[in-house]
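Chains: A, B, C, D, E and F, in written order; residue numbering restarts at 1 for each.
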Amino acid sequence: MPRILLVNSNTTASITERIATAARAGAAPGTEVLAVTAPFGLPLIVTPADWLLAGPPTLAALAEHGAGCDAAVIACFGDPGLEAAKQLFPFPVLGISEAAFHLACLLGRRFGIVSFTAALRPMFQDCLERHGLAARCVGFRMGPPFAGDPGRVAEERRGLLLDLVWQSVKEDGAEVVILAGAPLAGLAATLQAELPVPLVDGVVAGVRLAAALVGLTPERRKPESPLSGYPASLSALYGGG
Amino acid sequence: MPRILLVNSNTTASITERIATAARAGAAPGTEVLAVTAPFGLPLIVTPADWLLAGPPTLAALAEHGAGCDAAVIACFGDPGLEAAKQLFPFPVLGISEAAFHLACLLGRRFGIVSFTAALRPMFQDCLERHGLAARCVGFRMGPPFAGDPGRVAEERRGLLLDLVWQSVKEDGAEVVILAGAPLAGLAATLQAELPVPLVDGVVAGVRLAAALVGLTPERRKPESPLSGYPASLSALYGGG
Amino acid sequence: MPRILLVNSNTTASITERIATAARAGAAPGTEVLAVTAPFGLPLIVTPADWLLAGPPTLAALAEHGAGCDAAVIACFGDPGLEAAKQLFPFPVLGISEAAFHLACLLGRRFGIVSFTAALRPMFQDCLERHGLAARCVGFRMGPPFAGDPGRVAEERRGLLLDLVWQSVKEDGAEVVILAGAPLAGLAATLQAELPVPLVDGVVAGVRLAAALVGLTPERRKPESPLSGYPASLSALYGGG
Amino acid sequence: MPRILLVNSNTTASITERIATAARAGAAPGTEVLAVTAPFGLPLIVTPADWLLAGPPTLAALAEHGAGCDAAVIACFGDPGLEAAKQLFPFPVLGISEAAFHLACLLGRRFGIVSFTAALRPMFQDCLERHGLAARCVGFRMGPPFAGDPGRVAEERRGLLLDLVWQSVKEDGAEVVILAGAPLAGLAATLQAELPVPLVDGVVAGVRLAAALVGLTPERRKPESPLSGYPASLSALYGGG
Amino acid sequence: MPRILLVNSNTTASITERIATAARAGAAPGTEVLAVTAPFGLPLIVTPADWLLAGPPTLAALAEHGAGCDAAVIACFGDPGLEAAKQLFPFPVLGISEAAFHLACLLGRRFGIVSFTAALRPMFQDCLERHGLAARCVGFRMGPPFAGDPGRVAEERRGLLLDLVWQSVKEDGAEVVILAGAPLAGLAATLQAELPVPLVDGVVAGVRLAAALVGLTPERRKPESPLSGYPASLSALYGGG
Amino acid sequence: MPRILLVNSNTTASITERIATAARAGAAPGTEVLAVTAPFGLPLIVTPADWLLAGPPTLAALAEHGAGCDAAVIACFGDPGLEAAKQLFPFPVLGISEAAFHLACLLGRRFGIVSFTAALRPMFQDCLERHGLAARCVGFRMGPPFAGDPGRVAEERRGLLLDLVWQSVKEDGAEVVILAGAPLAGLAATLQAELPVPLVDGVVAGVRLAAALVGLTPERRKPESPLSGYPASLSALYGGG
């Protein structure tokens, strides 16, 4: 029975609950999900600066709760800290955008990306290019600026998001659609019945694919270097006391 | 407990046994693997012409044995018939090269591809480009022409293959290495302990990722068109008697 | 005087007639065109599954009628069986989409692609990427779903297609426009006088370029492998009785 | 019977003779070839600066000899003046590198480029990228610096060039090989019998493909602008006296 | 105090004045700008043929006025003669489109390109691809055909251009916007205060970056070849009398 | 007189001195350079994890010393924190790898990258792709593993590095070569006289280009969000006390 650690890279506990619920609902039977919140940082991750500053607290959460886990998922679209985490921990670590992109590729030839606000598009675009899968993406369909509570945007903009998915399918030719952004976790499951193409929920993709990777990473050597100015859990990853 | 159908696209039963063994050894506990051989076609798939002619028998095998399965894997590097299969069947279908490429991406930033004979390189290269992941690949390392029994090449060329993997890691900078080609199924598990980077076995990648996709594809409408000149199992997929 | 074999990959004889007429009208003077219909398969090729299943009958038609021909053209947009045919036959073989893309590049810096129904776009897009010429294409302009007789769509949608060509030129910056799809064979010649940029008819492109290649391919060695489950004309290509 | 104008973009008449001979030997029966030398400029084209300065004399040669021709070929690898020529003349104009690249694509999936001196590689590479076909090329194999008579390099380096072709086939996986550079015109025909893959001669490719394009370009409007400082034949193209 | 030579590649002196004014206003304090007009050629550069024919007069201007300069800028969008100039002169030479693209990359992750007429788009697109920066560009926003005086288009279309910049920012996601085309020189400075993202003026980019390169190019060997049919200033660059 | 802030992203003061010396030697006359060391983090930046953890201290150094500066340079190859810095500060910020890539493009058509140890290649490769300039790079030439004092590697490996530069020029066709990595700062100036192509020193490129950007960035709005767990200088950037 795999035990998956799910890290919310922002400091907002209500988002952690939302993604934990989505993860448990979408995981294969028997998967155990442990969801934790970043111990410091920012309440919401929107810009490149936010993304950078969310990396160290994500690593700290993995360091503090990773013992006894078989794999981990960084549950913040944009995958802050992902490459560092892959290097530093002895178990597989995936990000939810990485997982969503690859799962979408396995389900169809071309995928679209839908989210609630265009403000996230540059970060998503960078992330897509970073993973090398831009050629598989037919484009983005994003809603207008959103100033409300991210914890409720999935419900408030349900109709708009459904429309955007249909545009992605009909106008852009998407064979699969990703509902992107941690605040939309769980929404795909409620919309799927109304749609002819698979919807991908990044959190579900993350726990599914993380479970598939259990046991496939060899042990790596720990770095040894005096890391200063960060919490002890991070210094310990570098061999520090 | 997922039930995975594994199709060998060539007509050589000894290869089917080899991949079945590798699949069962590498699958997550509880996975059931049903391995079948292509009902017609060619004993070995090497060229683009072979690849095309292996497609219809692969679809026929899926049609004849798919009932009751949760997902399927086409266990022939080059993935003959893959896109047609994704379109025609109500369960997820993956190919082992597709699965190997995506799994490798999840395990590291850049992967190398190693196989026993350079004759396969053009087909592998096309396949890599088709899946859009060429930018993640650091290159190929392939052995010289091989005229022996493909069922024994993994053992006969074990030392050579290990050398090629090391070259991929040290000279090309691979962080993950794919052992490509159905005749190498099962080899990765025996070499892994000697290597510092993950080795990817396409058959294992296939059954792991296929299990992760169970239940994620919506139902599709069957085509209706009079398909002639093929076995009845294929015509039936097109609505024919 | 070159003799060109033109293969319609679907089983609909009226389409064969249409493409034969277009080919003869557009070929260089003195070119002889022999047009044949696929001996089995499907009456219309629309999806990836159709495309795969149209490959073997296309090869069978080439095998049955190729003797005495100087070159051949696969007259089905998407070029089913093309790479296998290039490998198996002793004369040059081109596909009409391949020919259209390359001819368009020779006539201008950037080409647009126009066709009667958006349903064909994914197949055309894949085909374009496969030939490596996506960077030369300014985009697609496709009509709405079409449920009528493909043999008459060129006439029924003449006005719409002319509008789409103009959009490709004015809005997308096309310097050349391809009228894509075998059902549009012959249409370019009737529209050309109304337009300032060259229109490319895939069938004409095919017979023109096939004639240009006559005599340029060296002899290849025939494969020898027991191919089963296909018509005798195909097994014979693999050295079988 | 098509009449093709062949322009040597440098001022060396012995090279013009060489390419004329190769063109006549490789053209389809009945093709008439008129070969002319650039009326001013440089005796050899090697660098980007040479390439630019060879453009206007190439246009002048086309303007002075184009009347009565059905198509033209710029017989200088690197295609100086090509895009301007396509715009300014009422008949199709091809360059020999453009023609070689596209013909090679029609003959095989991946081509190699062989030439006598590495000094030409940057210009060839730029040219390849400009035509958008870099992904179809497996790489360059070029000889060492050459200080002799370019008119005799094909014979003097015959053995070396044959070796480079074999390397391109065996080590790089080329299915077709281009012998690049006007000084190699005619060499492919003498080497072909010793090789299992097609060799492409740019000049032959040029006259073959130019003949295929006859009649496919619509009339264009002449520019009207006072062009100063160039020969009268060029000013006339811009509407000047 | 760097001395920068600014070459207007067309023969219209009023454009030279406009770009000189913009260059002096935007250069770093202490920069000396010498602006000259092409000694022959065309009054306006719009098409690929114009672009080619503007190359030699640009080189002639550089040859005639370069002595005593520390760096030079070719002030014509599309950069005619740029690569030849980089090869032939002992000081750094930049083009204003090259400079605009690179400066834009340094100011933000993705740039948009705005200009007054769509007629220039193909030339700009080619130029962008040539410099390898297409992936950093979010797209073009161009005005309708323009038949007036290019020397006044910046003022006449000020409102339209401001709208196009806003579209590039809001709809395409540009973080930086290039105002492209020599006739728009100086406009960016007057619009900047109304916009939240940096506007790039190619002429300013050119003089800024040219000043940054002073002294960084090693001496090159002059070519020696008898160049005929061009003004003596050009033949002298090739070692001629 | 521009005042440029130069931040060493690691905590090793001897490296800061080295880059300060190189920057002052290579800057345009009159440039003032203020060099500072990261206030916390790691003594050397080699891996993706190091790179991430070097980002926040780089931002902290910029926040603590940026007042009164006209532009800033992050003097660590790989550019940690670069995009966040561009977003958060009111003056232009460049990274030395970004600056080296763009400057190299301005000096020649294709650049090579040389450094002292292959261990840095993956980070450099990622950085190159991130800036979108991979197509302008002819490849890497890197030395073997290095376990000595990075502060002395430029002198200890001078001969090896010179050889690698020559290989890049002769075998790869580089027209410009970047000496990559902060420990090589200052080396280019001492090698330049022995080489026919420009050598690029990232630190010099950084201060030159930073000076060119002074005054070209509009003011941005500060983010307002409660950032926790970081030094006060960083929280202040987010509007915190």
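Criterion: a contact is a pair of C-beta atoms (placed from the backbone, for glycine too) under 8 Å apart; a residue touches a chain by one contact, two chains touch by 3 or more.
Every value quoted in this text rests on a predicted model; they were computed, and no experiment measured them.
Here the repeat of B-D among A-B, B-C or B-F is B-F, since over half of its contact pairs match by residue number. Homomeric contact chain B/chain F is classed as different-residue, with under half of its interface positions used by both copies. Look at the CA centroids: the one farthest from the centroid of chain E belongs to B. After Cα superposition, the angle needed to carry chain C onto chain D is 180 degrees, rounded to a multiple of 5.
Centroid to centroid, with C-alpha atoms defining each point, chain C and chain F lie 52 Å apart.
Computed from the mean C-alpha positions, the centre of chain C lies at a distance of 44 Å from the centre of chain E. Mean C-alpha positions place chain E and chain F at a centre distance of 28 Å. Mean C-alpha positions place chain A and chain F at a centre distance of 31 Å. Of all residues in chain F, those that touch two or more other chains are 48, 83, 86, 109, 135.
Every pair of chains meeting the touch criterion is listed here: A-B, A-C, A-E, A-F, B-C, B-D, B-F, C-D, C-E, D-E, D-F, E-F.
By the touch criterion stated above, chain E contacts chain F in their complex at residues 2, 28, 83, 86, 92, 94, 98-99, 102-103, 105-109, 131-133, 135-136, 192, 195-198, 200, 208-209, 211-214, 216-218, 220.
Contact residues of chain F toward chain A in the complex are 11, 39-44, 47-53, 55-57, 59, 81, 83-84, 86-88, 130, 223, 225-231, 234, 237-238.
Residue ranges of chain A in contact with chain C, taken from their complex: 109-110, 135, 173, 175. Contact residues on chain E toward chain C in their complex (touch as defined above): 48, 118, 121-122, 125-126, 129.
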